[in-house]
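Look for chain A in each of the two complexes below; its partner is chain B in the first and chain C in the second.
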Partner chain A sequence: MPLVPEIDYGTPASRSDKLVTLTIDGREVTVPEGTSIMRASMEAGIEIPKLCATDMVDAFGSCRLCLVEIQGRAGMPASCTTPVAPGLVVSTQTSRLKDVRRGVMELYISDHPLDCLTCAANGDCELQDMAGAVGLRDVRYGYDGENHVRARNDGAINIKWQPKDESNPYFTFDASKCIVCSRCVRACEEVQGTFALTIEGRGFDSRVSAGQHEAFVASECVSCGACVQACPTATLTEKSVIEIGQPEHSVVTTCAYCGVGCSFKAEMRGEELVRMVPWKDGQANRGHSCVKGRFAYGYSTHRDRILNPMIREKISDPWREVTWEEAYAHVASEFRRIQYQYGRDSIGGITSSRCTNEETYLVQKLVRAGFGNNNVDTCARVCHSPTGYGLGQTFGTSAGTQNFDSVEQTDVVIVIGANPTDGHPVFASRLKKRLRQGAKLIVIDPRRIDLVKGPHVQASYHLPLRPGTNVAVVTALAHVIVTEGLYDEKFIRERCDWSEFEDWAGFVSEERHSPEAVETLTGVPAELVRGAARLFAKGGNGSIYYGLGVTEHSQGSTTVMAIANLAMATGNIGRPGVGVNPLRGQNNVQGSCDMGSFPHELPGYRHISDDATRETFEKLWGVKLNNEPGLRIPNMLDAAVEGTFKGIYIQGEDILQSDPDTKHVSAGLAAMECVVVQDLFLNETANYAHVFLPGSTFLEKDGTFTNAERRINRVRRVMTPRNGFADWEVTQKLAQAMGLAWNYSHPSEIMDEIAATTPSFALVSYDYLEKMGSVQWPCNEKHPEGSPIMHVDGFVRGKGKFIRTEYVATDEKTGPRFPLLLTTGRILSQYNVGAQTRRTDNVVWHDEDRLEIHPHDAEDRGIRDGDWVRLASRSGETTLHALITDRVSPGVVYTTFHHPDTQANVITTDFSDWATNCPEYKVTAVQVSPSNGPSDWQVEYDEQARRSRRIAGKLEAAE
Partner chain B sequence: MSNDAKLVRMANQIATFFHSQPGEDGPMGVATHINKFWEPRMRRQFFDIVDNHGGAGLDPLVLEAAALVRRPPAEGSARQAPDA
Partner chain C sequence: MNLPVSGEVASRTLSIVTAMKGAEGPLLPILHEIQAEFGYVPQDSVPVIARELNLSRAEVHGVVTFYHDFRDHPTGRHVLKLCRAEACQSMGADAVAARVKALLGIDFHQTTLDGAVTLEPVYCLGLCSCAPSAMLDGEVHGRLDATAAAELVREARR
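Showing the complex of A and B:
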């Protein structure tokens, strides 16, 4: 198996529809107008030598290697910066060009070390390739004199030499190998949009510098890897390549971190992963990556991984390693015992948003067909279930309306309750690129997130609302749009129910919804709301991107409807550049919802009470299905505390850490008689488990993930599962032990079953995905190529439905005891509960959760930056270190939830969304006070966790 | 918070939404929502509050909706394993 071929065309593709024909080396070539001569040549198969050009960034014209001669034009223009024109006659190889190129190469090589044999880029060095291509045979200038190569010149210190910067955990910067082509600097600017790199000095003194001559890790660098990818030499090199060597084959797969779902080439040497490189043809990421997907895969071989199944009678016992057969038999007999003793509905399961579609499908099938109930839920319960409900009600389908490419055509963007530069970094880079081209940005967020003001990006409006007032703010935006007549009447009359619109318009027009009237509630100056509304309504293509800051509220579903109303009222649905775009948290949270993980619906969002749908599955599965909705995760825990829910199978989710009100979760788990956890590590939930089934990573199995744009991407196995089995195999064995006659030999057979039963997946198969690369559902006879944009000719439900959105204050209120509002979020380097990223070098950037607090609130309490503080709510208390910042407004504090020793969810409450029970993570009334260190609860928790991780016959686990 | 109190709060939250909606369909809206998303034992508990505790704490709209909420099968019928 070879490396996946990728052609570098030298300059980006032109989008022009107009074609131009020219002659290159006697061949007629036709390309879109605006294409460079370099790219046109490459498309015709003629490779012009180049060093500073690569198609991930714009042409720069500095290396002087790509020169060509054009009939009738003087001199030798650079082919990268010269666009094609009709009738040009171009020569890429003449004796004059040969001489010039060789001369240029000689100069480069005269200031470059000649350690090719021991160089990490050996086998993957463009400088070496070009020396070969131009026929460089000797360097007349010699290697003495001024240089950047040697630490000492004739015994004297060489001030131009710079030691290797190894500060970044994942790559090194060796300036002695740098040819100052600026590809890294331009990648950082154009692709990533961070502007962390620059060229300092002039002429021969020019060199690449991170920040202001800082170490990489201390600079603004976000370690996305774009510079390393762009570097043509060994100057920027992955440490893994230095350690292992060049890969010999590669496989395209999909990242298992956030909902952007980036495509990567897993570059391998045997079964050893050398590096992950973003795949240029990946339709979600278009060749870009972030620090997590690019570098943070080390958890897959971490020593903490549990590789053998384990059982224990009581959670206070140490674990006992058993065979897989014993484990399956034990679970099957326990689940059956519990069902006989407590009833059929006393057990359930949780599917994983980190596992594949096929695995998720099997877990819900096991619950419905094997357990005989519908007690299945997934972590979308605690993140985007309101999206499903809200968009289902208004548009008729539970998913985002656009593809990520759509952002390239947007003119005004609202980002509400999302922090893309941390949570969805590759999308953020694509958004920032569009903003630098002139699109306008409106940020609605209690915190001043990075997008509000960054290098060459600035929001036109930042509406720093009080947590919990989303509905009031979005309805006020609608008030301005309706009362000032800024709505799109033509669109509404054609596409929506006009009488519902009239009712809604009357409702939002009421004076009590005006920006002035709600200002005291929301804390947002009315003028900002008015300005933002006018900009959004009249600024061209308007798109809305949102995250968990919208959904995780007691009015989460209402806010989603309010967003949908806003998009319909302004006519921003059904074409590129517009739409309503939920940014999904986990890699396969969209897929897990699609696959019927919710207790009330079968795959494809069809309600369990629908006889025809049930019949489809009953026929195929040979069982009678229960027509009643099952328990949702919070309801399961309530029922457990009450004593009617006794057993659970949890695949790849850590509810004890991720779900709100930790004490309630632990009480629920402790009340169960058989908790089965399937995971890579002994996670926090496993502290309460009786059976542990080792899980496998995304590198170890075949399957598909569905990202936030409904894109079904292949996950491909590149190494043998260290635990022996892919997760779908484990679920299948468990089902067999429970008496189900399952016999899948490959995940593709599971996908075939999904396609056969679920209309929106009708054409999806592994063969089809192989052919298409990826498709976005619905993918069926009506949409054979998939659906990049939804609701193009009309809403899925028929007419778009406007729904009144009355603001209701949450019951979680501040008062004298708890005067501050806590809101939570995530950070770039860490992911979700941190089980994966904490086991990588990403901890360099974020090794603890900290409490962001405004200087005024800190001063009132005598808190200094870095102090231990106690954070208390009516649910519980914890301690962590303070970080004083004016990113949060006075009265608001913020923290992340990546570290189990902080346990931010001890603080969060059991309030939840009215429609879906999605917990209200984003608003908790708290008090903050100085503290001496960890709370009693944290000490106790840590002790309990350590005790529960003991494995008989083994030394205590490290974490 | 007791499970009863939680259930009352959840039902009232649903009612609050439908109070704000136009027309006379409030009770149907609340009942449909409960029928679609509440597992039988939750509805059983709900009817216990309505039938045996005078609907204490429930929003009048929820009480109105109760007549339209589907009565779950009696508890005993579910007390068996699927293959039993």
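Showing the complex of A and C:
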């Protein structure tokens, strides 16, 4: 198996429809207008030598290696910066060009170390390749003069030399190998949009500098890896390549972190992963990556991984390692015993948004067909269930309407309740690129997120609302749009129900919804709301991107509907550049919802009470299905506390850490008799488990993930599962132990079953995905190539539905005891509960959760930056370090939830969305006060966690 | 990046940037003003300029380091620049430079111990017809010889 080939065309593709024909080295070449001569040549298979050009960034024309001669034109223009023109006759190789190129190379090499044999880039160095291509045989200048190569020149210190910067945990910067081609600087600017790199100095003094001549890790660098990818030499090199050597084969797979679903090439040496490189043909990421997907895969071989199944009688016992057979038999007999003793509905399962579609499908199938009930739920319950409900009601499908490419054509973007630069970094980079081209941005968020203001990005409007007032703000936007006549009547008459619109318009027009009327409630100046509404309605293609800051509220579903109303009223649905786009948190949270993970829905969002749908599955599975929806996660926990729910199979989710009101979750788990946890690590939930089944990573299995744009991406196995089995195999064995006659030999067979039963997946198969790369559902007879954009010719549900969105304040209110509002979020380097990223070098950037607090609130309480503070709510309390910043408004505090020793969810309450039970993570009334250190609860929890992780016969795992 | 504006340098920088950032292409004028204010461009000014102009620190650093006239450290009370470009060299600039260095007791890029004079090379003052030339605190001097150089040093020393 070789490396997946990727051709570097030198300059980006042109989007022009107009074609131009020219002659290059005697060959006729036809390319779109605006294409560079370099790219046109490469498309014709003629490789022009180059160093500073690469197709991820715009042409720069500095290396002078790609010169060509054009008949009738003077001189030797650079082919990268010269666009094609009709009838040009270009020569890429003449004796004059050869001499010039060789001369240029001589100059480069005269200031470059000659250590190719021991260089990490040996075998993957463009400088080396070009020296070969131009036939460099001699360097007439010698190597003795001024240079950046040697630490000492004839014993004297060489001030031009710079030691290697190894501060970044994942890559090194060796300035002595730098040819100052600027590719890294341009990649950081154009691709990533961080602008962390520059060329400092001038002339021979020029060199690459991170920040203000700082170590990479101290600079603005976000470690996305774009510079490393762009570097043609060993100047920027992955430490893993330095350690292991060049990869010999690669496999295209999909990242298992956020919902962007980036395609990567896993570059391997044997079964060892050398590096993950973003795949240029990846349709979600277009060759870009972030620090997590690019570098943070070390958890897959972390020593904390549990590789053998384990059992214990009581959760106070140490774990006992057992064989897989013993584990399956134990779970099967326990589950059957519990069902016999407490009834059929006393057990259930939780599917994972981190596992593949196929694995999720199997877990829900196990619950429905094996357990004989519908007690299956998934972590989308606590994140995007309101999206499913809200968009289902208004548009008819429970998913985002666009592909990520759509952002390239948008003119006005609303980002609400999302922090893309941290949560969805690759999407954020694509968005920032569009913003730099002139698109306008409106941010609705209590916190001043990075997108509000940063290098070359400035939101036109930032509406810093009080947490919990989303509905009031979005309805106020609608008020302005309707009362000022800014709505798109033609669109509404064509696509939506006009009478429903009239009803809704009447509702939002009421004076009590005006920006002025809700100003005291939301804290957003009315003028900002009016300005934002006018901009969105009249600024061209308007798109809305939102995250958990919308859904995780008591009115999460209402806000989703309000957003949908806004999009419909302004006619922003059904074409590129517009739409309603939920930014899904986990790699396969879209997929887990699609696969029927909810207690009331079978795969493809079909209600369990629908006889025809049930019949399809009953026929195939050979069982009778229960037509009553089962329990949701919070209901399961309630039932457990009440004593009617006794057993649960949890695949790849840490509900103890991620679900709200930790104490309630732990009480529920503790009340069960058989908790089965399948995971990579002994996570927090496993502290309450009786059976632990080792999980496998995305590198160890075949399958598919579905990202936020409904794109079904292949996941490919690149190494043998360290625990022995892929997760789907474990679920299958478990099902067999419970007496089900399952016999899948490969995940593709599971996908075939999904396609056969679920209309929106009808044409999906592994062969088809192989051919297409990826497809976006619905993918069926009507949409054989998938659906990049939805609702193109009309809404899926028929007519778009406007729904009244009445603002109802949450019951979680501030008062004298709890005067501040806590809201939560994430940070770039860490992911979710941190189980994976905490086990990588990403902790360099974020090794603890900190409480962001406004300087005024801090001063009132005598809190200084870095102090321990006690954070208390009605539910509980925890302690953490304070970070004083004016990013948050007075009255609002903010923290992340990546670290289990903080347990931010001890604080959050059990209030939830009225429609879907999605917990209200984003609003909790709290008090903050100085503290001396960890709370009693934290100390106690820590001790309990430590004890519950003991494994008989093994030394205590240190974490 | 979310550095609070604290400290003397940051607040003085902020008032300069705030006053000038409305202009078109404000970075270079701001840097000149900062240098006029502090005598150099302090490291701590850069984050403030970057934040206020929606640039990265790296970008501002790149601009500051590109121009030799922007300094990253304070100079002596007077700055004496000697032209080292071709025309001046051909008219004896090297001898003048040697003389000036001997009189001041410092090399290029150095400042006399009493903090009076900083000596810097410059590559062309556009005064080739009067080579060899020099510039003292922004004022140009031409047709230098040993005597004129000594005179210039005396003036700088004052």
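Basically, the second predicted complex is superposed on the first by the 959 of 959 C-alpha atoms of A that agree within 3 Å, B and C clash if a C-alpha of one lies under 4 Å from a C-alpha of the other, contacts with A are read in each partner's own complex, and residues count from 1 in each chain.
As a convention for this text, a contact is a pair of C-beta atoms (placed from the backbone, for glycine too) under 8 Å apart; a residue touches a chain by one contact, two chains touch by 3 or more.
Note that this is a predicted model, so its numbers are computed, not measured.
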Superposition on chain A - do chain B and chain C clash or fit: fit
Which of chain B and chain C A:Arg202 touches, first, second, both or neither: second
Partner chain in contact with A:Pro455 - chain B first, chain C second, else both or neither: second
Broader residue contact with chain A after superposition on the shared chain, chain B or chain C: B
Chain B versus chain C as contact partner of A:His600, first or second or both or neither: first
First, second, both or neither for A:Val623, with chain B first and chain C second: first
First (chain B), second (chain C), both or neither touched by A:Glu770: neither
Chain B versus chain C as contact partner of A:Glu489, first or second or both or neither: neither
Which superposed partner A:Glu510 touches (first chain B, second chain C, both, neither): neither
Least C-alpha distance (whole Å) that remains between chain C and chain B when both complexes are overlaid: 40
Residues of chain A defined as touching chain B within the complex: 336, 339-340, 342-345, 370-375, 503, 507, 554, 558, 599-600, 607, 609, 623, 628-632, 635, 638-639, 641-642, 644, 739, 803-806, 808, 811, 910, 912, 914-917
Chain A-touching residues of chain B, taken from the complex the two chains share: 1, 3, 6, 9-10, 13-14, 16-17, 19-22, 33, 35-42, 72, 75, 78-84
Touch list for chain A against partner chain C, complex: 194-202, 209-213, 219-220, 453-458, 884-887
Residues on chain C engaged by chain A in the complex (per definition of touch): 1-2, 4, 43, 46, 50-51, 54-62, 65-66, 68
